[in-house]
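In what follows, structures are represented as structure tokens.
Each of the next two complexes has chain A plus one more chain, namely chain B in the first and chain C in the second.
Up next is the complex of A and B:
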């Protein structure tokens, strides 16, 4: 069985509203980095909340490591397995000193003090914020705050972290900081689910899933998905500028080699064409 | 004529406390009537503090803000008038929606300004039209709208004040690509019709490259650049040192230009890049 598996899930926030998710299925393997794309209101954030039992499906089942999220006895285990990082860093920090903030989660899990100390240090090192451990969170930049929020989740040792638009409020360098922290977590074997509107971030994933109307519209490697430029545009989405340029040139008769996904690949593509 | 003139403006937070911090440092510039200015800068560069000095939400500790040639703090009791002229849309403005219906929410500002009856009705509907909220939505509760609609309703509330200067702080944050494009084209459409001055604060280099006549770059409270998007985004290294980036397409074309390909400096959109690559291919007989 897959690490996370959602089977024919339907969900609506109230009986009067139509289904946000409609016969939605999803499988995520352990250690995978999956990007979830889709326009506002397509059900992405609902999926995030279903994965850690904050919401329960009306129909269908969600399994996390074989545990049914609808089983209340397992809610605690599921939530300590699946961490959630949200958009606004200011809403996620609770303490007035960074290391205390990171310790908040493991303290609530009832972990021994020595172990907490160890986890806090490791987590802060993992996101490159160790040297700030005695600072106050309100003096950090957005990217730094978001990395502290990630450390707070890491200290609970989840096997998967779901990121719901973690960079939407950050400046360009803050976005890069958070994305490189996410990539290094993936290297440590943590399963990553990234919800984003930035196509440049989605290209870093192993697999991209595009949602529309509560269903999966298309999924595949970033290169497969972003080659479907017209389909994505029809569904309110975008492709990286590098991909769009190549796509338009291909339309004008330039010979297709490999669809570029980032600036470096696009330079390579154009050099090949202009050679 | 310059509509806004900022002279040696400084603002220091927490003077006399251990947290004293100069957020805006000796900033001078002038903004012309009818311009769209894009304002970019790293988090904490002083952007938000600066824009809040423009309508008197923050009083400068040194220097002046002149609106139509007059110091806005000349008569502090009349600062309210300045706020009618300089409208401010804060980040995530949808959190500020409060009234029972979208219509009432949009009319709150202009009603406070003294409008009533037909004039008020016309103003509200006009503002709603600028952001493409149709009449059907006006009678709904703002809390029943989708995220994108809420954002547009909140912006309509400020547009309804008919400000000469409209400041938008990150209006597209959190919107999906289509919502972002839609909102930006509505802002441009509104600007074309109303011909007012717009200041757009953004972390999206692609957005400011697309809409701004001039871009101002702030770093550590200082004004580092104020120039056309082309000129600003051709200074790739300086921007990167300030924690900023250029649009991806600009980066691609800059790398190729440095490798000796004959492309213009500071290409900002996929359309421009496409045209240049295509004409080079044709010139060299490769297509």
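Up next is the complex of A and C:
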């Protein structure tokens, strides 16, 4: 069985509304970095909340390491195992001192004080915010606050972290800080599910899942998915800029062996073509 | 602009007073307030005043900060002492129409004003030397016995923590909304008091809406971090009584004995 598996899940926020998710299935293996794409209202955030038992499916089941999220006795085991980082860093921090905020999760789990101390220090070091441990959150930049929020989740020692558009409210430098923190977590073997609007972030993933209308539209490696430019365009989704350029050049008769995903690859291909 | 408001007025430092256990500080403050009101003659008043000055000196906070905190209550002090001057019974030493001033009235005025000043100085000392977080923490721990009476101690402390955390955030937001409304042509400076208050409506409504949205999101984030109330929760920082704390308690007991002795052996003036 996969680490996380959602089987034929349907979900709607109220009976009158139509289903946000409709017969949705998803499998995520341990250590994977999965990016979840799709435009607003396609059910991405709902998926995030279904994975950590914040929401329960109307139909179908979600298993996390074999634990059914509908089992109330396991709710907190699942939530400490699947961390969820939300969009607005300001609304995720609870305490007025960084280190106390990071301690909030482990404190809720009833862990011994010495162990909490150890975890807080480790988590803050992992996101590079250890020097700020006694600062107040409102004095930090957006990127720093979001890193503190990540540390707060990390201190619960989850094996998977779900990021729900973690960079949507940040400036470009904050976005970069958070993305490099996410990548270093992936290197430590933590499973990452990244929900995002930014294609250049999705490119970093092992696997990309594109959602539309509560269903999986297409999934595969970034290169496979972003090669399907016409399909994505039809669903009014973007592709990375480099891919877009290559796609248009192909339309104009230039031959590319494979789709470039970032600027470096694109330059390399163009150099080849120009020679 | 308003973002610079330092809440709780905490002043970082490493003085003896800073290092005291916050629980002890709160208990001692309450005890000192009682001491201040148990002074009935000049000797005991002098003892308490001397103790207060000693605490202030030990706190290592610049004296002008204390003066600043006194400015707020100066009017109250003046009014109450003025009223007390005329309320003293006994033989008048000055008479003019219905106004009679007696020696005991003057004494009363002195006692009342010194008591209020000491009260303010001591409580400022607590907020200057203790972080708001430490204060809420200490209050939570001191109130723990009330749990027997079904007082929701943990919930109250959690609310205080969150309120403290969001004061700067909401101030910042107020600033932003004010600028946004000004950019749309809202006039917030001109007009009288009533007009100015009315002009705040377009600031307060968006602020409230956003505060509720924040509260909802924070609740989701807290649940994601396994929050389920105070039961089974541990704390990273535990408070332990240090020798310093015991010394402060012993000194305060000595002070109390001094005041009691003064009250027994010296005649009360008021």
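Simple rule for what comes next: the second predicted complex is superposed on the first by the 275 of 275 C-alpha atoms of A that agree within 3 Å, B and C clash if a C-alpha of one lies under 4 Å from a C-alpha of the other, contacts with A are read in each partner's own complex, and residues count from 1 in each chain.
The rule is short, and it goes like this: contacts are C-beta pairs under 8 Å (C-beta built on N, C-alpha and C of every residue); 3 or more make two chains touch, one makes a residue touch a chain.
The model shown is predicted, which means the values in this text are computed figures rather than measured ones.
> Which of the two partners, first being chain B and second being chain C, lies in contact with A:171: first, second, both, or neither?
first
> Counting only touches as set out at the top, which of chain B and chain C does A:32 meet: first, second, both, neither?
Neither partner.
> Looking at the overlay, what does A:237 touch: chain B (first), chain C (second), both, or neither?
In the superposition, A:237 contacts chain B only.
> Once the structures are superposed on A, label A:106 by its partner contacts, choosing first (chain B), second (chain C), both or neither.
second
> In the superposed arrangement, which partner chain does A:270 touch: chain B (first), chain C (second), both, or neither?
In the superposition, A:270 contacts chain B only.
> By the touch definition at the top of the document, which applies to A:201: first (chain B), second (chain C), both, or neither?
Neither partner.
> Let me check the overlay on chain A: which residues of chain A are in contact with chain B and also with chain C?
In the superposed arrangement, which is not itself an observed complex, chain A uses no residue for both chain B and chain C.
> Would you mind writing out the residues of chain A in touch with chain C in their complex?
52, 54, 76, 79-80, 83-84, 86, 88, 90-97, 99-100, 103-113, 116-117, 120, 136-138, 149, 152-153, 156
> For chain C, which residues count as touching chain A in their complex?
131-133, 161-162, 164-165, 168-169, 172, 214, 217-218, 220-228, 232-238
> Write out the stretch or stretches of chain B touching chain A in their complex.
By the definition above, chain B touches chain A via 41-44, 91, 146-148, 170, 173-180, 203, 205-206, 243-245, 247-249, 251-252, 255-256, 259, 261, 270, 273-274, 277-278, 280-281, 284, 286-287.
> Chain B touches which residues of chain A in the complex?
Residue list for chain A touching chain B: 38-41, 87, 141-143, 165, 168-174, 197, 199-200, 236-238, 240-242, 244-245, 248-249, 252-254, 262-263, 266-267, 270-271, 273-274.
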